[in-house]
Amino acid sequence: MIVILKENPNEKQLQSLIDWLRDKNITIHESEGTSHRILGLVGDTSALDMDIISALDIVEEVKRVQEPYKDANRKFHPEDTVIPVGNTQIGGGTLTLMAGPCSVETEEQILTVARAVKAAGATMLRGGAFKPRTSPYAFQGLGEEGLRLLSLAKRETGLPIVTELMDLAQLPLFGDVDVIQVGARNMQNFNLLRELGRQEKPVMIKRGMSATYEEWLMSAEYVMSGGNRNVILCERGIRTFETYTRNALDISAIPVLKKLTHLPVIMDPSHAAGKSALVPALAAASVAGGADGLIIEVHNDPAHALCDGSQSLRPEAFAGLAGKLIGLHSFMQSQEG
Amino acid sequence: MIVILKENPNEKQLQSLIDWLRDKNITIHESEGTSHRILGLVGDTSALDMDIISALDIVEEVKRVQEPYKDANRKFHPEDTVIPVGNTQIGGGTLTLMAGPCSVETEEQILTVARAVKAAGATMLRGGAFKPRTSPYAFQGLGEEGLRLLSLAKRETGLPIVTELMDLAQLPLFGDVDVIQVGARNMQNFNLLRELGRQEKPVMIKRGMSATYEEWLMSAEYVMSGGNRNVILCERGIRTFETYTRNALDISAIPVLKKLTHLPVIMDPSHAAGKSALVPALAAASVAGGADGLIIEVHNDPAHALCDGSQSLRPEAFAGLAGKLIGLHSFMQSQEG
Amino acid sequence: MIVILKENPNEKQLQSLIDWLRDKNITIHESEGTSHRILGLVGDTSALDMDIISALDIVEEVKRVQEPYKDANRKFHPEDTVIPVGNTQIGGGTLTLMAGPCSVETEEQILTVARAVKAAGATMLRGGAFKPRTSPYAFQGLGEEGLRLLSLAKRETGLPIVTELMDLAQLPLFGDVDVIQVGARNMQNFNLLRELGRQEKPVMIKRGMSATYEEWLMSAEYVMSGGNRNVILCERGIRTFETYTRNALDISAIPVLKKLTHLPVIMDPSHAAGKSALVPALAAASVAGGADGLIIEVHNDPAHALCDGSQSLRPEAFAGLAGKLIGLHSFMQSQEG
Amino acid sequence: MIVILKENPNEKQLQSLIDWLRDKNITIHESEGTSHRILGLVGDTSALDMDIISALDIVEEVKRVQEPYKDANRKFHPEDTVIPVGNTQIGGGTLTLMAGPCSVETEEQILTVARAVKAAGATMLRGGAFKPRTSPYAFQGLGEEGLRLLSLAKRETGLPIVTELMDLAQLPLFGDVDVIQVGARNMQNFNLLRELGRQEKPVMIKRGMSATYEEWLMSAEYVMSGGNRNVILCERGIRTFETYTRNALDISAIPVLKKLTHLPVIMDPSHAAGKSALVPALAAASVAGGADGLIIEVHNDPAHALCDGSQSLRPEAFAGLAGKLIGLHSFMQSQEG
């Protein structure tokens, strides 16, 4: 961390800052320019609050040199994390295809979709039991019954399950779930993240609608610092000024995260675009851009979906898309050799 | 709600949509343009999911005419909500000044600050006991001990307390708290909101960093639909491309919310700007713009604050500012007569 | 266009609106809901200003049903536009690779780079002669001499040239230029656009940093409505809250524009990311996502580039990347058959 | 400027960087941390391109310590700039009220509005003759005839004129104009800015829709570096994710600019909000927040305005508002004493 001092800083305040930093086992290297003095802080600065230091009257600006995350940092963990899930894995060269409906609605619906996506090449089944809805008056998901139906579909098809947990009180019901999803709106629900770090199931963290890469990685760090290293990052679009799409899928997240972290990166083109017609192009771009997988909404009858229908593909469309994506993934891997 | 159909819609699908809507007690008025047919939906459309309808192949676009919130809607509740808190109130012409440190740190600190802000004209004491921190390694607040110290300061000064609740498990500790704050990062923690609607204390909801007015009002609706009508909205800056300030205080939120809702509006210039030098101008603008009050960080020694120090004023600066704001508020009220 | 009236509109004002619309040859279809009356406007609404109508006290909201652009609209021109440029073309299944330095600096530099990118498979040479720089004190490009050096490189390699025009006064110097680029900061310089519609060279319009798709297409419409149909759209990243990348390459622009317009779409991963390490992944994603081509910065010695060096690849890196992109493009085309 | 080097930088490249900097008369202070070496650059760094230096393989990050603008910088020009305009001035404690229609339409219209706003207390007349319109099919202003009508109104009322110049070719027509406005879409039309620096009339630069404070001040610097010191900054709302308002008026711009620069700051609540109902609150907030003035749209008949009508006040409403703003301004000044 680098602290740029204002011109002619009050020496007493400067000494007080230096003492406070040394108390925290930070070593200080001072250097002198013509107009500005600079303090280079050496040691474990991850617990230092930049805002405290910026607060001082004598400080012009504070600049981090090292990232504030450790367990999620590729610098300290250069090898890609590979997460075993059921009979498949996430990361490590596998193309993960999570597919299924936005909400679990009926036994027939989830079984039909699960069989269809399995046949099409999906490696995991997604489906919402607890649904975060903007309106208190909207359908909030089948809850426990939804989880039961997902288990049924898992037994029938062998596909591992990924589904969203909205509240810690729901955790006991998640015994049969393979990957716990943290929704974008809960990305900075720090109490939730901390507790998920104390259990063993893999956790997939969706990016908050206006979260920076660093904030997102700090949320992963909350889980990892509790001991659970199996974290997956899911980009689902960021909020911008454009209203034609619901959110803007941030394709740069793939190469940026691949540089900053060793965790697998999944892309969600369905939620990002909010329009199923855009999903095939965004999915292909994601695979070619180096994503470890995709999460795609598939519904047997979009006209009657109880939520988010406009971003769902029908099973036939998904089958065509999945085939192309698998082909593209193989092609990309053949080019790397 | 208005549904604009695509040109030459499939009549069978159209009939299926009409049947589905009638099932939900929606009356449909059809009208015919040259290129587009339009359905006007009449009835309680607040539980209808626009996304379901947009999903249909036959639909070009769906447009809400009525707001999806009811309890929070000024159309249905034209009178301003006034919330009694201790010996003061929020709304109804009172200028609420919530002041205090970002985090409660020590008994001496909180008592010193509480006495100072009381003397300066503050009407409520703010202070964080549970702190949402981006980093798992940063100071997370004193927790239960922080609440105890706040109670002490309340007994000593008579100032009602507003403080943040991060998790429902903390609720039993909040007996002495007067207003429960929901932080920006929890604005769409729907389980939390729902439960806060089932208890009686007033709830102040901070706007999420990229939440629209409608999403924010829907979060208020979550609380209100549970029976708790005492909701306060707190604007704390939105995330934009500008990096000089931490967030951009959205001054338009005041007149917009005053039109859309009857709930009181509090402005937080400290968190928004992230720089204490900007607080006086933003606070004066907020009062002149019609806000019901302000929440301002005040610290007895910014250099040693354990968090967010850069946005804190010292008590002397707050005293000067509070005097000016109270004068400005009186002036503005005298002009309205 | 649909006009939603407020409840109980003043009948005199309503009649005045209806008369004004009929003056403009707009036919009006009225329909009555329970709480709202709706006017459907039929005719050429592209010249109607929505803001005028929204202004009226009696109007709740105005909603466009038809896009305000015509010449750029795929609905009216379903066939893809293909633009012949020198011995190549833009659009129509060709993968256009525009490559070259940010700024033309010396004869040796531009010839070296031009030969290298030609050998690597580039189809056009890019290079800045007139440079829009944020600072008046920064290097502003070689100007006329830069254009002369580009011509030299064109004669030597046969590569057509694309370069930016900042001001109409520069147009007479652009005789040897094959595609005129309009920069992001000039995307809404309407006088410039209009004049470029009156000359014959193809025009490539970069998207403004916070321009919506519709605004961007309206800028294309300015050129096209003057008679010049050879317009190319270039996505170069939009401004968001994220600061790790310079801008966020909007990958959704590809499928969205392919639906809304018949014009070719070029992606600029170099300017968007601002970091050359991200270019390969973004370029591959763009090709797989359906872009008609890419514009990529290539420099023979990034350390000495006079501008924007951080986003430049060296020729060797470009050669490797171009080979992969050409292979990927062939693979994608083979999948479509 | 501070250059943070990567760990173990290549010494040859480092020497090449150091030589290049010294060529530019930059002195270099090196300092060594445990993991990172830091170069402090001393001298005139305003012409240095940060991007060039960031480009180097050996550089981790570059950080400016000094602002890149000089003439506009308060550090070097601590006194507020006061700009005489006709019989009034902008800055220096005067409350400037620019008022008038979006577009000049007819002699009767502009005379009626000019007389009304003069009577209400306006100090300048605004009105568009050349209008930047998103659509090539929309009304583009009366042009030269509009300027003639503005002159007429100026002679009749004595109010100085502010109006937009879209292209340098229009400059000869602006003889009677007192303040030349550069629109938000032209904020980075650098050729235009440079030429306006070579003439003598004051220039009011509107902030681009997604321009940072620094970019905006650099645009002022373009004008000032040409010799014209009479520059006014006009905040007109920034583009965000919120769609209820057209743009978000950035109230923080006032205290931020007052700190960074000595130039006067005018606020435009009409364009920002896009809804006339929001103008009074935003205008009052701007005055209390310390703005030097306001530019407000006033129209004698919003229903027939040819553009942007929804943000216009009627003269009666403006008269009431102007009176309140003048009173508020006096009150604020009385508090400062």
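Per-chain numbering from 1; labels A, B, C and D assigned in written order.
Just so we're on the same page, a contact is a pair of C-beta atoms (placed from the backbone, for glycine too) under 8 Å apart; a residue touches a chain by one contact, two chains touch by 3 or more.
Quantities reported herein were computed from a predicted structural model and do not represent experimental measurements.
A.B. asks: What chains touch chain A and also chain B?
C.D. replies: Both-contact set = C, D.
A.B. asks: Consider the two chain pairs B-D and A-D; indicate the one with the greater count of contacting C-beta pairs.
C.D. replies: Counting C-beta pairs in contact for A-D and B-D gives the edge to B-D.
A.B. asks: Quick one: report the Å distance separating chain C from chain D, using the average Cα coordinate of each chain.
C.D. replies: 26
A.B. asks: Give, as an integer number of Å, the spacing between the C-alpha centres of chain D and chain B.
C.D. replies: Averaging C-alpha atoms per chain gives centres 31 Å apart.
A.B. asks: Using the average of all C-alpha atoms in each chain as its centre, how far is it in Å between chain A and chain D?
C.D. replies: 39
A.B. asks: Which chain C residues touch at least two other chains?
C.D. replies: 210, 239-241, 243
A.B. asks: Considering only the defined contacts, which chain A positions touch chain D in the complex?
C.D. replies: 2, 4, 27, 29-36, 38, 40, 42, 60-61, 63, 65-66, 210, 239-241, 243
A.B. asks: In the complex of these two chains, what residues of chain D are touching chain B?
C.D. replies: Of all residues in chain D, those touching chain B are 210, 212-214, 238, 240-245, 248-252, 254-256, 258-259, 272-273, 277-278, 280-282, 284-290, 324, 327-328, 331-332, 335.
A.B. asks: Across the complex, what residues on chain C touch chain D?
C.D. replies: My answer: residues 13, 16-17, 20, 46-47, 49, 51-52, 54-57, 68, 132-139, 166-167, 169, 185-186, 188-191, 194, 209-210, 215, 218, 221-222, 225-226, 239, 274, 276, 302-312.
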